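Next up, some structures in structure tokens.
In what comes next, chain A is part of two complexes: it sits with chain B in the first one and with chain C in the second one.
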Partner chain A sequence: MSIYPYVVAAWLLGAGLWGVMSSRNYVHLIICLTVMQASTYVLLLSVGYVSHGKAPIFADIPTNSVVVDPVVQALSLTDVVVEATIVALLLALVVQANKRFNTVDPDAMTRMRE
Partner chain B sequence: MSQLAPLAVAVPLLGAALLIFFHALMPRIAAELIALAVATASLVMTLLLLIHVGHGLTVYWFGGWHPRHGVAIGINFAVTAVGAGLATFVTLLMVLALVYSVRYLDVRQPYYQVLMLTFMAGMVGFCLSGDLFNMFVMFELMSVSAVALVGYKIGEGAALEGGLNFAVINTIGAFLFLLGIAIIYAHTGALNLAQMGAALRHSGDDRAVVVAFTLLIGALLIKAAVVPFHFWLADAYAVALTPVCLLLAGAMSELGIYGVGQVWFTAFAGALGSHVHVVRAILVGAGLLTALWGAGMAMTEDHLKRLLAFVTISFVGVFLVGVGLLTEDGVAGTAVYVLADGFGKALLFACVGIVQHRLGKVGQHRLHGRGRRLVATGLLVTAGGLLVASIPPFGPFLGKSMIDDAAIKVGYGFVPPLVALTSALCGAAVLRAAARVFRGWGAVPRDPPDEADEDTEPETIEPHDRTPATMFVPAFALLAGAVATGVWSGLPDLAATAAHRFADFAGYHAAVFRTPRHLGPVSSGSPEWFDYLYGSGATVLAVALAGLGLWGERLLPGWRRVSTAATALIRPVRDLHTGKIGDYTAALTLGVGILGVLLTVSLA
Partner chain C sequence: MTRGRRAVAIVGVVLLAGGLAWGASGLYDFGHYHALYGKIVARDAVPDRSATNSVVVTAFDYRAFDTLGEEFILFVAVVGVAVLLRRLRGESGRDEDEVAEEDRRASESTRWIGMALVGPLVVLTAYIVVHGHLTPGGGFQGGVILMGAVAFVAVGGESLVLLHLRRTSSWVEMSESAGAAGFAMLGFGGLIGAGAFFQNFIANGTSGLLTGGFIPLANIAVGLEVGGALMMVISEFFDQRLHGQAT
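Take a look at the complex of A and B:
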């Protein structure tokens, strides 16, 4: 197992975190969150990867074939669903912020309250 | 009987789905009654489950996929008395919160009820789950529902901002949790906690284990809002609808602490058990910092909901101290304290809701002396303040004594005075607020009023000249609960037995893999003389500090200098609460980094 996927996962996590920290636009910030989320996909799938493994669907391959781990794929799918919900909710809140306060800048929201 | 475990989660989810589906056909009152009926059904189920679990452990395998040869094939609920007890407490608070919200104006049916039910399902599922990935899913279910409930008043900027901060920080927490799961799955090949624990027992303190532990604990501490991960909490709890606050402050924050205990005792105690003193020092240190930080901030807050939010943070710190001792005594004390303090804090939030209903504001500055006619509410808040100050012999005192004794047992003699100071400061903040609002005592604070109070309006239906029974009855029920936890003499022994089971990995593993062992009851020690000293000392100190906060300049000549110094001390801390996601994320990153470095360095 090469170290490469771990480096990619760490990079995506770091880049996303930096984006969230420095963002001046809520939509950009939410996209940065999805960049962070991509690191979880990379890590999960690389953890279950087997060299020359096939997709774990035994309909058209012999049952003794080498396949990649189906569990992490199920986890990734669940992850996609769960986070899609969160992103949708966040975007809905941002739409409201834009509609009512005419801004998508996190700092502007804070200033407005002061 | 083990079928009750999945039903306690499935029934509220089904109820929520049916409400959404048929909402066009029913009037508001029908939606309210259905939600209440579903919550009550969950309460009955979790209570029966708790009784059924007793001294043992109830395991349910979804779809009948039982484990083979010590390998978990399916997903399970593994219910300890601690988990079932917490789930029962959650459902009880939900029933009271739904009664309380009958008069709420802003609750455009049935979305509010639907969100409350899914929120409850997530919390109950989190308590019962025996599988790490399932814990993540339940964690997210409760976060999503809670975010929507916090941001419910979309017309208010503060509510939108509180919801967004909450969502972003908790989502980052969820990613960390998932990364931790991926690493530990790669290492052990297990998602089931019992199987993972068995595998980790053989693997020792590998570096991957330390990284996974850091990520998982970091994520749970974000949910629990431990310093420096706590910034989102005050923004969110200050703007949520009051009935939602009952659940947030009474139970959700505590679930993060429960998760820390669950992950440690089932999975990681085996691998990192030889370094237990290091992990204990880190967790107790973080807990004490959080406790004092929250208490200090509570003293400075004008906005009553923000004040209570910081009291919540402070007590989460105390609970982290209790669980972080990593002994069964600590867990037992925390279990009692969570129950008693949960009732107390929910009571205080319920009273703030009544104040908001009657007077329309929640800032002490604006409310000064305006609550004179709300005698019963004033008395309830005073009772709540005394409970927070851990007045003997009630529930919070009992829980605090048990945590103190557990701390002394592991040689942490400095814990009891610091915890007593925390109770005193938090109690003083609440009592001072009660004296200002309900009696008009002391001068009007010199600081300008909190701007967030500017656009505060009643969240309830008119008329505002009297308090509806649906608000008063839950408040009294919460007070009764808080008192009962102290008076019911069987509780400490039950908590001790439950904690013994919670911390016993061998028993947990055996029950999950179908070789149950009998386990008898365990008895707990009763409070010692010094516990009464600390408890009554904290109460007296709370009353004294509240009095000094009101009339300090008249009573003590040098008080002004003391209070100026205290303000100067807390100001830099206060200035850190900027309300900006970027700052909060930076603090979070720093916190996880420090946690990781501390663990790596001290375990090397």
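Take a look at the complex of A and C:
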């Protein structure tokens, strides 16, 4: 049981990576990239988990209760922001590439450039 | 996949798997994390800052400098999107009426519900932003919820309203820049008021909304920036519907 969350993270990374490698469509590729990035959230949150710990928000629990680690949670917040910006930039690139080549298939674009 | 690519992929996957196995061997057992930094932060957040959300205290106070970097990542990315999606030479424009016609194809009930939910979502945004230091939430989350409101405007078939708003007034850009600048200013405020960059320089308060020193202000600044940034990105993408194919 103790390695199960790490296995989930590795599986998400692997599944996303397979999607990125085998993709024939840039939009599909970007979605696969977000799947890969989702593995980092799972990894960060499971690294910081403390058995029977509560959320590190003391609004309705005593200040001395056992809580999970707040630093990794702040880190996953950063992670989400970075993912959102990367997806926006990549999608903008795809929009322009589609205008230029009239396709979102990477291989077809390579063929057209030749 | 060609042969060369497959070889590159296999080498990459083997290296990645090796790196992962090596990295995972040093991880804590699940549920037995015991690094001190997080524990100290969680223990100190309430007595030190009178703020109950220790995640937000970490992000906007103890590690505010990192969040400043994150802010600028977002800022630069938005500029990047705006530059990439500018109108290119030789690109024919589409008629706005045509796009408006497409929007009107949404069913009447969808459009009504979309419009009806915009107001409540804006209120929820304000609530999430100003209560960020007490309960789950904060500037980033609030900005993203504001995007939900924008999504409902689009679902409601009025995405052109957003474009008009963007074109006729500059408050979207202003909100983004003011948010980013405001957060940096809080850092300088710490330099002047307390002697160190991002040192908390406002009294902590005892209970209620006005606690946590400058954390509520930081949340509002970040909320403005994230809301403005995402709004700019979304309106750039919507604007693409008015662009024709490049010739």
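Here are some notes:
In this text, the second predicted complex is superposed on the first by the 113 of 114 C-alpha atoms of A that agree within 3 Å, B and C clash if a C-alpha of one lies under 4 Å from a C-alpha of the other, contacts with A are read in each partner's own complex, and residues count from 1 in each chain.
By definition in this document, a residue touches a chain if its C-beta (ideal position, glycine included) is under 8 Å from a C-beta of that chain, and two chains touch if they have at least 3 such contacts.
Small disclaimer: the values here were computed from a predicted structure and weren't measured.
Judged by the touch definition given at the top, the superposed model places A:96 against both chain B and chain C. Within the superposed three-chain model, A:50 lies in touch with chain C and out of touch with chain B [touch as defined at top]. In the overlay built on the shared chain, the residue A:85 is in contact with chain B and with chain C. In the superposition on chain A, A:27 makes contact with neither chain B nor chain C.
In the superposition on chain A, contact of A:15 is made with neither chain B nor chain C. Of the two partner chains placed by superposition, only chain B is touched by A:109; chain C is not. Residue contacts after overlaying the shared chain place A:71 against chain B and chain C alike. Shared-chain residue A:4: touches chain C; no touch with chain B.
Once the two complexes are laid over each other on the shared chain, residue contacts for A:39 go to chain B alone; chain C is not touched. When the two complexes are laid over each other on chain A, chain A has residues 13, 17, 21-22, 47, 71-72, 78, 82, 85-86, 89, 93, 96, 100 in contact with both chain B and chain C. Interface of chain B with chain A (complex): residues 133, 137, 140, 143-144, 147-148, 151, 154-155, 157-158, 160-161, 163-164, 167-168, 171-172, 174-175, 178-179, 181-183, 185-186, 191, 451-452, 578-582, 585-586, 589.
Residue ranges of chain C in contact with chain A, taken from their complex: 1, 9, 13, 16, 20, 24, 27-35, 37-39, 41-43, 45-47, 52-59, 63, 66-67, 70, 73-74, 77-78, 80-81, 84-85, 88, 91, 134-136, 140, 226, 230, 233, 236-237, 240, 243, 245-246.
Those residues of chain A that touch chain C in the shared complex are 1-6, 10, 13, 17, 21-22, 46-51, 55-59, 63, 67-74, 77-78, 80-82, 84-86, 88-89, 91-93, 95-96, 99-100, 102.
Against chain B, in their complex, chain A makes its touches with residues 9, 13, 17, 20-23, 26, 29, 33, 36-37, 39-40, 43-44, 47, 71-72, 75, 78-79, 82-83, 85-86, 89-90, 93-94, 96-97, 100-101, 106-107, 109-110, 112-114.
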